[in-house]
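Both complexes below contain chain A, partnered by chain B and then by chain C.
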Partner chain A sequence: MSTQTMTETGSTDRFRAKLQSMSGVLLMSLGPVVAAFILSGIILLILDVNPFSYYGYVFGRGLLSPTGVQATLTRMGPLLLIAAALIVAFRAGIWNLGGDAQFLIGAVFCAAWTPLMAPHVPVWLGLLAGAAISAVFGGIWALVPAFLRAYQGLNEIITTLMMNFLGISFASVLVKLVFLDPTTTVPQTRTLAVDDRLPTLFGTTISSGLVIGLIAILGVHFMMTRTAFGLRLRVVGGNASAAVHAGLAVPLLTVAVFAISGALAGLSGGVAILGQYGNVRADWNPGYSLAVVPLVFLARFNGFAAIGFVALFSILSIGAESAARRTGIPNYFTLVTIGILLVMLAISEYYGAKRQKAGA
Partner chain B sequence: MTLFTDTFLIALIAGIAASGVPLLLAGLGEQLSEKAGVLNVGIEGMMLGGAYLGFYIAWATESTALGFVGGIGGGILVASLMALFCVRMGLNQIVIGIALTLGAEGATALLHHVQFSRLYPRLPDVSTWRIPFLADIPIVGPALFDREPVVYLAIALVPILVYVYRRTHLGLALQAAGDKPAALDSAGQNVLVIRTFAVLSCGALVGLGGAFMSIVGAGVFVPFMTHGNGFIGIVLAMLARGRPLWVLLGAALFGACLSAATALQVAGVDIPTDVVQMLPFVAVMIVLLLAGRNAKLPAALGAAYVRGER
Partner chain C sequence: MLDASTPEHSAQPSTEAPPIVTFEGVTKRYPGIIANDSIDMEFRAGEVHVLLGENGAGKSTLVSMLSGLQQPDDGRILIDGVEKPISSPADALDIGISTVFQHSMLVPSLTLVENATLGRKWWQAPDRAGTAGAMKTAAERIGVTLDPMALTGDLSLGERQQAEITRALMRGARFLILDEATAMLTPNDAARLGELMQRLAAEGMAVVFITHKLNEAVAYGDRISVLRLGKKVGGLTPEELKSLDAQEATNQVVRLMFGTQGAQSGDAERPDMSTVDRDAKPTLELLALYADSGRVPLSNIEFKVWPGEILGIAGIDGNGQKQLAAALAGQAPISDGRVVLDGDYIDRMSIGQRRAKGMRYVTDDRLGEGTVGTFPMSINLLLKEIGEAPFWRSGLEQPEAIRENARRQVRDYDIRTPSIETPIGKLSGGNIQKVLLARELSGSARVVIFEKPTYGLDLANIAATQTRIRETAQSGAAVILISTELDEILALSHRIAVMDQGEIKGIVENTDGARHKIGELMSGVKK
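Let's look at the complex of A and B:
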C-alpha cells in the first residue's frame, strides 16, 4: 500500500470519526432535551392538559410573540453572566454554590450608589462605575470561602452555602437599614432614572445586558479552553495534587477563580439593576444562580452549549407564566421539566461512557 | 427588662424545638448518607416529598401518626430515585441531587395546586405527650417536656445513632462504604446494598423532618415550605463530621436563632428578622475561620463505587 492511499484513507477516517463524534455530541445534548419534553408531556396528559397546546402557549409567548421574545432576551443577560461565573468555578473544580448571594450583594451596592452618582457624571461613566461596583462587591463576597479553601483546605460547598444564606439576609438588612430610599415608605433602594440605565438594543426593549452576558460567557469559554491561564485552572480542577507537582501556585489560582466567579456573579446583579430593575426591593431574590447550576451541568461546562440552555430556560420561564394563565398549570411545572432534563442528561452520560468503554 | 417574661421564654424555647427538629432530622439523615459516601444534595427535595405526602395522608386519614408514616414514605420515595441513579447507576451525585430538589419542588407544588388550590385545609393541633415531673419544671417544662412524640423520637435518635456508628457492625460497614469501599467489597460485603440502605434511611429521616414541618409546624402544606432547611441540614452534617451529637448542638443553635427572630417579633421588638437570621451563619463562619483546619470528610464521598474499577 502506498503512502498516498494511506493518508487518504486516514483523512476520510478522521473525517468520518469527527462526523461521528459530532453527531454523538449532538445526540447526547439533544436526546435528553427531547426525552424530557416527552416525559413532561406525559405528565401533562395525566394532569388532563393537552401537551401540544401547553407547549404551544409556552413557545408562542416565550419565543414567537414580539414582546415575549424581548422579555426572554432581556432575562438572558444576567443568566448568562451567572453561567459564566459558574463555568469558571466548576471547570476549576470549585463548587461555588453561593452565586445568589454574590449576585444580590453586587446588585445592592450597585443600586445603592449608582443613583447617587448618576446625576453628576456622564451616563456611560455612571454605568461603568455601577458595573465595577457590582463586580467588586460580588468578588469580595466570594473571597471568604476562597481563602478558607486555599489556605485551610476547607470544603467550599459548606462555606459558599453558608455565605449564601448569610449574604441573602445581609442584602435584605442593607436595603432595610442602610441604603433605604428616604423618599418612599416602601423598603427599597433609590431608583436609577430610566435615562441613566443601560441602553436598549435597536429600538426594542431588549436590554444591552444581553450583549454583556454574551461577551462574558464567550470570553470565559475562550479563557478556559484557549489560554495558558485557563489550562492551569483546568489542571487544578482535574487533579489538584498533580497541579502542585507541576509547580502551579494552587492556592493563588484558587483565590483567583473565586474572585473571577464572584465578580461575574456580582456583575450579573449589577446588569439586572442597571438594565432592568433600577432598584432593589427588600427581600428581592430571583434565585438565578440556583436555577443556572443545572443548566451549566447540562451544557457540560461548555460556553456555547450554556448559551443554548440559558435561552431555552428563559423561553420556558417567560412562556410558562403565560401558559399558566391559560391552562391552569402553574409555572412550577418548569421545575419538573428541568429536573427530568437533568436526570435524562445524567443517564445519557452514563450510557455514553459505557459505550465509549465498550468501544475502547 | 420586661422582654424576658415567662411567656416569652416559653415561646422562645418551644420555638427552638419546633424549628430545630426538622434541622436535626435533616442533619442526621445527611450525616448517615455522607458516612456511606453519598453526598446527598437532594435532601431539600426529600424533605418536601415528606412534607407533602405526610400532610396529604394526615389530612386524608385524619390521623397524625399515619401522616408521619406517610412523611417517612415520601422521603423514601424521593430517596429511592437517588439510590437508583447515584448508587446503582453511579451517576453524578450533585447533578442528581439538584435534579431531585428541583423536581420535588415542582412536583409537590403542582400536586398541591391540583388538590388543594382552593381549599387550603388546615390540620388540627397535634396532641402532645406530657412527661411526668419534668413537665412541671417552670418554663423549660412546658416548652420541652410537653411536646409531640416526634420531638422525643428525633432527640432519641442521637444516642441511638452514636451507638450504631461506634459499636455495631453496621456502623463499621457504613464508615467503610464511605472511606474505602473497595475494602468493604473484599471483606465480602456488598457496597451498593450498604449505600442504598444509607440513602433510603436518610430519606426516611429527612422525610420525617419534612412531615414535622407540615403537620406539626405549620398545620398546612405550602409550596416550597422547607425554605432551605435541607441545605442547612447539609451544612450541619458537614460541620459535625460524623458526630450525631454535634448535629444536635448545631440544630439547637440554628433553631435558637430562627426561634428568636419570631419570638422577638411577637414581643414587639423592631429588629429586621434578617439580622437575627444571620447570626447562626456568622457564628459558624467564625468557628470555621478559627478551627476549620482539620475539616475531614469521608475519603470516597461523592464518588460512585463501580466494582472492579481501580
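Let's look at the complex of A and C:
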C-alpha cells in the first residue's frame, strides 16, 4: 500500500517536473511575444490609439481575411530567402548586413533581362534563367566585402553597409539610365507579362515563391546542421582561431559564405520580381533584409523558428498596411513591435541563463 | 649624462637602514595553488633588492601585494615598522610605493609633462611650465637628462622608463618596484637603468627589481631573494654579495633557483633511453629555420628529433616557443629554412597535409584555438577530420559513427563528461586536455608537439598527461615537449633545447648536471 503511494508520488513528481520544464520552455518563448505586444499596446495608448482595435485591424487583415492571408503568404517567399541568406552568414560568424543591396541588384538584373527573354523561350526556362540571373548578380555584389574580409581582414559590417548605399543607388541608376522601359514615362524596367510569372498555388493568389523560400530555408538549415561543409562554416563562426588550427581554409570559406549569402539575397529579389512585381521602379527598396535581421536573431539562426517569425512579421506588416489607413499609425510600427520583441527576448534569455546558473 | 654621481657602494650602510616594508609570514592562496607561502622579507631604504624566480614562482603575486592590487590571506605587512594594510593602489601611492612595468604606462600621444599632470583633479588646469620645472629638477637629482616637452611616442622604451621613474619621484615615491623593467630593453638601456637603480638606492630609496637575468641581478643588486614554487628558498645578503665574485654569486643563485641540491629525486626519474633509436634516421629535422612574422621572430633554429625521443624545449615563456610550434604545425609562415619529416620536406605543405603526414600539435590554448567551446565534445574530437570517412559520407554527417567514436575516446582516455553532447567549454581543463590528447594521438602520429601540456591542470591530470607523453614516445613517435616547468622537462625529455628570444641557445643531454646547465643557458649567463 505504502509502496504504491510512493511510486504514485514519484510519477506525479516526475510528471510535475516535466510539466514545469515544459511550461518553462513555453514561458521562455511565448512570454517575450506577449510582453512585446503589451508594451507596443502601451505605446499605442500613448499615441491615443486603441491597441485592441489596432491589433484587431492588423490580424483581421493579415491573418483572417482571405485576401490578406494570401498576401501574407506571398510576401513570405522573398522574406524566407533573405532569412536563409542571413542564417548562412550569421552561423559562419559573418555579419552580412548588405542584403538590401544584394536583393535590389538581383532584382534589377532579373527585371531587366527576363522580360526580354520571356517571349522567345518556354515559361519555365525564362523563370529559371531569371532566378539564376538574380542569384548570380546578388552573389557578385557580395564579393567585394568578401575579398576585403577574407584577405585584408576588413570588418564586413562596415563594408556590407557601405555596399548597401552604393548598391541601392546603383540599382536606381541602372533603372533610370540603362534598363529603362522605352514605352513608359515613369522610370521603371520592362514589365514581365503576368503569364510569364511564377505560377500561383492551388488557384489562389499565393505565389509559388513561398515554396522556393521554404525549400531554401529548410535546405540551408539542413546544410548548416547536417553536412561537413556546414560544420566547417560553423567552426569558422564559432572560433576562427580553432578553424585555422584545424587546418580549414578560412579565407576560401569566407568567400564561399558571402557568395552563398549574396546569391540567396539576390534570388529573393528575383522571386519578388518573378512572382509579384514584374518590374522594378527606380528608387524602389522594400528594405527586407534589415527587417529580417532581428527575426533571424529571434529565431537563434534556426531555420524552423525563422519560418515562424517570418510568418509573424509578414502578418504584422501586411496587417499594418491596412491598419495604417484606418488608424493613422504608419506601418513602420511593425518594426517597433519587432524591436521591442528583440529586447524582451534578450531579457528573458538573460534571466534564463541566470536561473540556470542558480540551479546548477 | 650618467656621470653625475657614481654611487659609493661600500659607504652605503645598507643593512642598518630601517626597512620601509616588512613581510611577516605573508601567504596568498588562489584556488588550487599557494602563490605565496608564508614569505618573510624586508625591503630597506638604500637597497636594490632583487627578486628572482622562474615563471609561477610567486614574484608577480608578491609585487601585486606590495602595490595594493592584492591582499594577503595570512600574515602581516608592516610599513615603517607599523602594521598597516596596503589596501589599494592609491594607498600604495600614499605610502610612497610606485611601480614601473616592462611596458610603458605613459600615453604615447602626450608629452612627458602632460603625462606627469594626468593625476591632477579634473577641474585643475594642467600647470605645464611648473611641472616641467619640477620634472627637470627631479631628473637632475637622479642624473637623468630628459626633455619634458618631448612627445612620449618619440622616445625609446628606456627613455620612457626613465621618465616614469622621474614621475614617480615627483609624486614623492620612496619605494620603487621595477617589474621586469629590463626585459624589453636593449643591453645598453638595461645597463643604464641598472646604474640608475643604484643611484636611487644611494639617494635613500628602496628599490625592488624583478628580473629573469642573473647577470643583472648580481651586477645591480644589493640583496637577492630567490622564490621557488611560492616559497622564499634563500638569497644573498649584501655582505655575501660583496664578498663573492660575480661567478660565485651566480652559481649560488642558480643553485637556489633551480634547486640543484635537491635534484637527486628529479634525476632519479630520468626517462628511459631504451626507446630512443639514434642510429635510425631522424623523424623530424629542422634546417636553419627562420620565421619573421610572429611576435617573437625565430632565427636559425636547427635540431633533429629521433623516433621514440622526447626533445624538451625549455625557456622563459614568450621566447618564441609558441611561434616554433605554430611554424612546425603549419599555422604560421616560415620565411626561410626547411623542415623534413620522414625524409620529405613539409615546410610548403598545408596544415591538413602535414597532419596527414603524421604531424600533431597539442596546443596549450585549449579553448582559444584547440576547441570550439560551444560545440559538443563529440564534434570537437573530430575537428581536424571534418568531412572524412567514416564520420562523414559524401559530405553528410553520420551521427552514429560520430557518437561511437566519442564513446570510444571517452573510455580510452578516461574523459569525464556528463554526456558526449556536452559543449566542451563546460568541461574542466583536465578533461578538455584529454579530448585534445585523444584527438591528436589517434591515428598514426609521427611527430607530436606538446605545448605546455600540463599547464593549469591538477595533479592527477598532470600525471595522466605525462604518462601519455611517455607512451607517445614509446610508440615510436618523435615528441617535442615545450614547457616552462623545468622539473617536468627534466623528468620526461631525453635531450633539452633552451630557447631564448627566438633562438636555440643550446641543446643539453639529460644527464647529471643538466639542470644546472639549462639554468645557465636560460639565465643568459653563458653566451
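Definition applied: the second predicted complex is superposed on the first by the 334 of 360 C-alpha atoms of A that agree within 3 Å, B and C clash if a C-alpha of one lies under 4 Å from a C-alpha of the other, contacts with A are read in each partner's own complex, and residues count from 1 in each chain.
Just so we're on the same page, a contact is a pair of C-beta atoms (placed from the backbone, for glycine too) under 8 Å apart; a residue touches a chain by one contact, two chains touch by 3 or more.
The model shown is predicted, which means the values in this text are computed figures rather than measured ones.
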*Should the superposition on chain A be reported as showing a clash between chain B and chain C, or a fit?*
fit
*Given the touch rule stated above, what does A:19 touch, chain B (first), chain C (second), both, or neither?*
neither
*Of the partners chain B and chain C, which touch A:173 in the superposed model: first, second, both, neither?*
first
*asked:* With both complexes overlaid on chain A, does A:153 touch chain B (first), chain C (second), both or neither?
replied: first
*asked:* Just checking: does A:231 make contact with chain B only, chain C only, both, or neither of them? Give me first, second, both or neither.
replied: second
*Who does A:343 touch here: chain B (first), chain C (second), both, or neither?*
first
*asked:* Contact-wise, after the overlay, does A:242 reach chain B, chain C, both or neither (first, second, both, neither)?
replied: second
_Partner, of chain C and chain B, that touches more residues belonging to chain A_ = B
*For A:335, select first, second, both or neither according to whether it touches chain B, chain C, the two together, or no partner.*
first
_Smallest separation of CA atoms, chain C relative to chain B, angstrom_ = 5
*How about chain C: which of its residues touch chain A in the complex?*
329-331, 350-352, 355, 361, 363, 365, 368-375, 379, 383-384, 386-387, 392, 395-397
_chain B-touching residues of chain A, taken from the complex the two chains share_ = 47, 95, 144, 148, 152-155, 157-159, 161-163, 165-166, 169-170, 172-173, 176-177, 293-294, 297, 329-330, 332-343, 345-347, 349-350
*In the complex formed with chain A, which residues of chain B make contact?*
81, 85, 89-92, 94-96, 98-107, 109-110, 113-114, 223, 228, 231-232, 234-235, 238-239, 272, 274-275, 277-278, 281-282, 284-285, 288-289, 292-293, 295, 297
*Touching chain C in the complex: which residues of chain A?*
226-229, 231-232, 234-235, 238-239, 241-242, 244-248
